[in-house]
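Since the structure comes first, as structure tokens, the remarks are kept for the end.
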Amino acid sequence: MFAHNKRLQYTVRVSQTNPGLANLLLEQFGGPQGELAAATRYFTQALGELDPGRKDMLMDIATEELSHLEVIGTLVAMLNKGAKGRLAEAAEEEAEIYRSITGAGNDSHLTQLLYGGGPALTNSAGYLWTAGYIDTIGEPTADLRSNIAAEARAKIIYERLINATDDPGVKEALGFLMTREVAHQLSFEKALYAITPNFPPGKLPAMPEFERVYFDLSQDSEGEEDAPEGAWNSDENFTVVADREAQHAVDGGDGLAEVRLDREEQAAVEAAALRTRSDPDANPTTGAELGSLPE
Amino acid sequence: MFAHNKRLQYTVRVSQTNPGLANLLLEQFGGPQGELAAATRYFTQALGELDPGRKDMLMDIATEELSHLEVIGTLVAMLNKGAKGRLAEAAEEEAEIYRSITGAGNDSHLTQLLYGGGPALTNSAGYLWTAGYIDTIGEPTADLRSNIAAEARAKIIYERLINATDDPGVKEALGFLMTREVAHQLSFEKALYAITPNFPPGKLPAMPEFERVYFDLSQDSEGEEDAPEGAWNSDENFTVVADREAQHAVDGGDGLAEVRLDREEQAAVEAAALRTRSDPDANPTTGAELGSLPE
Amino acid sequence: MFAHNKRLQYTVRVSQTNPGLANLLLEQFGGPQGELAAATRYFTQALGELDPGRKDMLMDIATEELSHLEVIGTLVAMLNKGAKGRLAEAAEEEAEIYRSITGAGNDSHLTQLLYGGGPALTNSAGYLWTAGYIDTIGEPTADLRSNIAAEARAKIIYERLINATDDPGVKEALGFLMTREVAHQLSFEKALYAITPNFPPGKLPAMPEFERVYFDLSQDSEGEEDAPEGAWNSDENFTVVADREAQHAVDGGDGLAEVRLDREEQAAVEAAALRTRSDPDANPTTGAELGSLPE
Amino acid sequence: MFAHNKRLQYTVRVSQTNPGLANLLLEQFGGPQGELAAATRYFTQALGELDPGRKDMLMDIATEELSHLEVIGTLVAMLNKGAKGRLAEAAEEEAEIYRSITGAGNDSHLTQLLYGGGPALTNSAGYLWTAGYIDTIGEPTADLRSNIAAEARAKIIYERLINATDDPGVKEALGFLMTREVAHQLSFEKALYAITPNFPPGKLPAMPEFERVYFDLSQDSEGEEDAPEGAWNSDENFTVVADREAQHAVDGGDGLAEVRLDREEQAAVEAAALRTRSDPDANPTTGAELGSLPE
Amino acid sequence: MFAHNKRLQYTVRVSQTNPGLANLLLEQFGGPQGELAAATRYFTQALGELDPGRKDMLMDIATEELSHLEVIGTLVAMLNKGAKGRLAEAAEEEAEIYRSITGAGNDSHLTQLLYGGGPALTNSAGYLWTAGYIDTIGEPTADLRSNIAAEARAKIIYERLINATDDPGVKEALGFLMTREVAHQLSFEKALYAITPNFPPGKLPAMPEFERVYFDLSQDSEGEEDAPEGAWNSDENFTVVADREAQHAVDGGDGLAEVRLDREEQAAVEAAALRTRSDPDANPTTGAELGSLPE
Amino acid sequence: MFAHNKRLQYTVRVSQTNPGLANLLLEQFGGPQGELAAATRYFTQALGELDPGRKDMLMDIATEELSHLEVIGTLVAMLNKGAKGRLAEAAEEEAEIYRSITGAGNDSHLTQLLYGGGPALTNSAGYLWTAGYIDTIGEPTADLRSNIAAEARAKIIYERLINATDDPGVKEALGFLMTREVAHQLSFEKALYAITPNFPPGKLPAMPEFERVYFDLSQDSEGEEDAPEGAWNSDENFTVVADREAQHAVDGGDGLAEVRLDREEQAAVEAAALRTRSDPDANPTTGAELGSLPE
């Protein structure tokens, strides 16, 4: 179970209120790469995990991400503290309040009007957090790769936020949070490679005849040079199939689809086809023609 | 631009109609790990990509995933072909139709009623596809890791579907699609490691004092053994911080939050605090007490 | 403003409770083609409408759709009435209750557990209603076409529901609701064609050189017959462009993309490209190789 | 910041695996009245709170709800433990696996296929958790009422789940969780009533001429008896306005809408109205008529 | 299956970068009327289609819409190219970067921070694309009408975008895309009217006694003139029912709802009603009164 | 059933157009605390309600909320009337139009481009209305509390909007709408307390040993003072459990989780655990190390 200590993992010092910046920081509070997504991702994995060491790691890191959620949410609350009071107590003229909530050039109007300046579980555009951001599927050779990628993405968003603020206290706290994503990625990498083998992920083997094939499906027009080749599509690593005709029906069949229908199904399908047939021989007058200017 | 050839990448042969199985397959048509997610993931990355070789690879694979979307969607259409006709043409008694659309034990009732048996952009529980599944952020050292993870997840879902059907044609087509996920993962791995360095992702360096620290936040009660240690939290690789007091305010501050308010902000915040204060000395009668049975 | 009369537009007579059927009917209560979608579609159009006659029609029909929402919701409430009591008052053994809420073969377990058997604003698979279903855009030559199509779709869903029940009272009420969709489509058609011209919709003319062109982008392999031609792609009505090379860069340009960057932008883009370049000459060892079984 | 202890708040003892029941329990894991919703609701309020006592209470209860999330998630994991192994290791015949994942009569097929039997952040119908469930707005006289209501709702869902299982360990754990919702409601009630006054919520006074008015908008047809009156609409407490004509334009105006447009706006609006006018005098032939059978 | 040619369908020439305009264009990339919605709409219809000519048309147009998605996405990528480099490489002062990402007056801050300037599957307000935009239901007499409407809406959004930019290259490419929507509408109209009959859509006939009835549900107060009548509600085309009493219970019943309950259901419903009865004779003190200022 | 009168419940007089303000008002049209949410909340409760007096009240208030939806939507339409005409008829230079739709500092660009200035079912940040906002669960002792809370929240959002506009006609109409929320709260309070008992909500009693316990889970570091105590956690009302060790496994068990598996389940789980074991003794080289700069 969880316990809470009133001290933050990292001290928050904000030099002045700034609802516009608060709104950008929501990206890491309630956004897809944010701390709620991180915490719930690892927490759900921990609950279903069979390996005790990995379960421990997942719960350690989930708990830290909850603590990060608290840090980033506290940054938002501090940056919005002035706006919260002014709007709630109507401490200014209406026109002044209108200007201040629409003047930040981003969606901070929403944060103020709807959430009263509190940290909201939305991204910086007001999109409500959704569990669609969580890609846990319950197989560690896939989930650990998802975690590695998630930490990489979160690191980048922090980097962009750091590039966009010059408040030293905010910058420093964001730097800490960014650094921890790097540390977590390191742990997840170790846990993944401590599973042997971990590739291909899961249990079923791939079909050998298609595992090392590269289909060159994006091409330039004939006679013109295509993109540079690299290890991802080189002959060294793959059989490259560039011929258009060889790219379809690669199983050697006719590339068509079929299903066996029983007699009643067959009759119903034929009835439906007949009823909804577009007669290829007709050239009917249409609604669009009725609605056009006479030619 | 895109062109379309009427032959599928892999021939589809279904031995009999089965709306319940069709519904399970939707997982890879309109589900989070499915082919639309894969195609749009790589396509959006390709559009923003600056590296010509990688852009080519992303467009090659996006195009193949669209072709896989066609294969899996065609499987769904074949498996539902009988149901489509029967319901549309009312070819049976109402009670019989009712039983057939609610009898599969899963959400195939939705597919039939709402989508008429056509392949729908939902997962197997009818959840509408959302771009929240796409985690493209426009930085290749993160996006390629996301792609690696996405291919790993998709491989697993195909594996589970293969385990759940014994129709040989369906099994074979799913095996092909599963194999191609493995092949794509191989390409993305090559492209990632052809960037040097690619870790930490992005450009800003981590703060060295926190990069190799592991916070042991999930612990057992005192005196009892915790989980086994592994490379992900070993002293070899990390400084482990297990002491509860050392885990907060790791910057050496007080772990609290502060913001400088100007005078007007200060006044408004104080007014709000005063107006909404919960008096700690009161023990008020409450609505719940009004609504309780007399004791 | 609105007023409410306690009598329904159509009397509801249900012969026996049936939570499974109730759940199917939700499709037209909180589903994409359902009555809430219809009512809010016409209501939002009415509010923004400038033409008094059309505004009146839109409000008439919006009001009727609200009344249909009441009819379909009442059908759901009646069909669930028994389940509502049994679960709430725990009038049976737990195992019996478990069987009854999971035994309908569809999502009625959700309706009962979460909504207590009341009509819920979801479709038959429990997907929450979203305003993404509403396609009002505030231009009557488009919105009236959307309304015509919406009525056509709703008519079909009612038809499928009618095919799936043999309760005469339910069937009759659904028949009434289905019929009214036909009547509304008739009105919307009249209102659309009373605007002249109404095609192309809106105000800007199309570019004449591309208005009557049909791009034949889906083709069979060379030498094999393609699909039958019809009025939608016949030479009579369109210039058909089937040659693959003639299908791209139809403006006569090079089909590539360019943007003029200022000097600082240019420098930053080049720095980003360099930093994230995948070296085409490398064949790096990858994570996947680390994780594979030794060959 | 948060810490985690490996012992649960309440011991979980499940007598046998049961994916169908696991799926029902998801309602309180990732459903609208579930524990993630509770935890994030109080946590976001705590971050924005100005009153130290209330902030402490909110964080106490948020932390407990996270611990409940762990209990309910652990119940789900235990109930699914067998299914997880069987599907992942393909420990049975395909047809057997197919039957077991579609046979529960609810959406457990999704949980198994997509989430591998782990607890998923969805409700029991697979709807992904969304922050739309969180109604925090940052004003305590409203938020505490929202919390009271949320605890009441959660109590009911637990009650329904308890009614639907006869596994004694599951029943007991659910009973504990249900009881804690009651305890939390008691605390929130005390905190609300310790604010004086707390009604009307917020700061702005109501308009006295409309505060104690009840509009009787739902009526029976003339001459027939309406519903019984109660304290909610009695003359004792309210001025009841039942006359239809007195219900609109209650400000004494004409009940119409107007806006002052400048000259250019006026001209543009008139142009738009003219262009999109539906001619009331026309009886045009329509698309529907083109498409009908000849009469 | 699909193939890709590196040349765009229409050459993209952008005269200068402009993240604010890029953000508006997202409306047609990941918005409800945008190209992904169009492509997936026709593609899902094609997969379920039984008529070979119509299937071919749907796949032709789906493939073209994918090519349009590429054009509009490429426009976005070009307009954001400068922003992408500057933010990623931190090529400017933080305050300068902050100003540039919040200064466009729209949601381009999101596109830059979260998506790194790449084209995102959102509309211009950052709302994630959802399959709720797709209204395919698998019956051609409805789906073709939906397609006609969708093309009409898309045409209008392009028109509005064209009105809002003066970059000639952007304007021209948008003009091409707009024109193609007109062309597609023409094809869909031909295909619809080549089905005879196509009205009413589907198979079940309407109830004749309600098919040509118009309910005048929105009325002015007595004695005042209502809106002008038109073909949509004229006596010529419809029986108009304006009398309030004649508008309800149009089946001639009592307009009430009934269901037959078995004995156990009846008992449980009565128990629930009794337990939750609001006593009409009570005038209880309430929570709101507890919380009000003393009068 | 519903009827509509062309007169609004409250006359709308707007002194000048203002798309930025229109956009803020959308919060109460299509936002979570807005009028559509209110109307559908009470309407769905009314349909499932067994008590005739309460059903009448719910329908009365649902009908009034629909009428409020009309008032707020009409305000939006009036404020956007100029923008609607200008953009649709392209009555100005493109650059001028661009400035006007992106210059409001909030999301009014979306409202204009996508919805043509009509009122849209979104909140002020363009988030599409979702039925996730509706918390009806079909048990009156919970639903009435939800309604009380919903009215309290809506009252606050109106208050904030009133604080942000100085247009007297808009202010007055918003004041009316705000006042009616207060009146509705009063009615719902009366109806709730007319049910006896109404606490705890529902039917099942709480477990007495945990009902009056308060877990002090958020604490300060040792030796430092915690937050002020209040009635919500005072010894007078609760047994406070502050000792960390006493907070877990409160049932007296071991705080762990167990499930009985049958033999086949046991074997499959063990196989899965073995296959996916992270070896705690390994210190493998990882992908991150491959991608790092050489040290």
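As written, the chain order gives the labels A, B, C, D, E and F, with residue 1 at the start of each chain.
Everything below uses one rule, namely that a contact is a pair of C-beta atoms (placed from the backbone, for glycine too) under 8 Å apart; a residue touches a chain by one contact, two chains touch by 3 or more.
All of these numbers come straight from a predicted model, not from anything done at the bench.
Asks: Please identify which of A-C, A-B or C-F repeats the interface of D-E; the criterion is that more than half of the contact pairs agree.
Replies: Checking each pair in A-C, A-B or C-F, only one repeats D-E, namely A-C.
Asks: Indicate whether more than half of the residue numbers at the chain B-chain C interface occur in both copies; give same if so and different if not.
Replies: different
Asks: Between chain C and chain D, what is the separation of their C-alpha centroids in Å?
Replies: 23
Asks: Counting only residues that touch at least 2 other chains, which ones in chain A make the list?
Replies: Chain A, residues with two or more chain partners: 1-9, 32-33, 53-54, 56, 59-60, 62-63, 67, 74, 77, 84, 88-90, 104-105, 107, 114, 116, 122, 125-128, 130, 132, 137, 139, 141, 148, 156-157, 162, 185-186, 190-196, 199, 202-204, 217-218, 221, 226-232, 237, 244, 247-248, 255, 269, 272, 275, 278-280, 282-290.
Asks: Sort out for me which residues of chain C touch chain A in the complex.
Replies: The contact residues of chain C facing chain A are 141, 192-193, 195-199, 221-222, 228-232, 234, 236-237, 245, 248, 278-284, 287-293.
Asks: Taking the touch rule as given, give the residues of chain B at its contact with chain C in the complex, in rising order.
Replies: It is residues 1-7, 50-51, 53-54, 87-88, 90, 93-95, 97-98, 101-105, 107, 109-110, 112-114, 116, 122, 125-128, 139-141, 148, 185-186, 189-196, 203 of chain B that touch chain C.
Asks: Any idea which chain C residues touch chain B in the complex?
Replies: It is residues 20-21, 24, 27, 31-33, 104-107, 123-127, 130, 156-157, 160-166, 171, 217-221, 226-227, 244, 247-248, 255, 269, 272-273, 275-280, 282-289 of chain C that touch chain B.
Asks: So in the complex, the part of chain C that touches chain E is made up of which residues?
Replies: 5-17, 32-33, 52-57, 59-61, 63-64, 67, 74-75, 77-79, 81-82, 84-86, 88-89, 91-92, 130, 132-133, 135, 137, 139, 141-142, 145-146, 148-150, 152-153, 155-157, 159, 162, 172, 175-176, 178-180, 182-183, 185-188, 190-191, 193-194, 199-204, 206-207, 210-218, 226-233, 237-238, 244, 247-251, 253-262, 264-265, 267-272, 275
Asks: Quick check: in the complex, which residue numbers of chain A touch chain D?
Replies: 1-9, 30, 36, 40, 43-45, 47-48, 56, 59-60, 62-63, 66-67, 69-70, 73-74, 76-77, 80, 84, 88-90, 114-122, 128-132, 134, 136-139, 202-204, 284-287, 290
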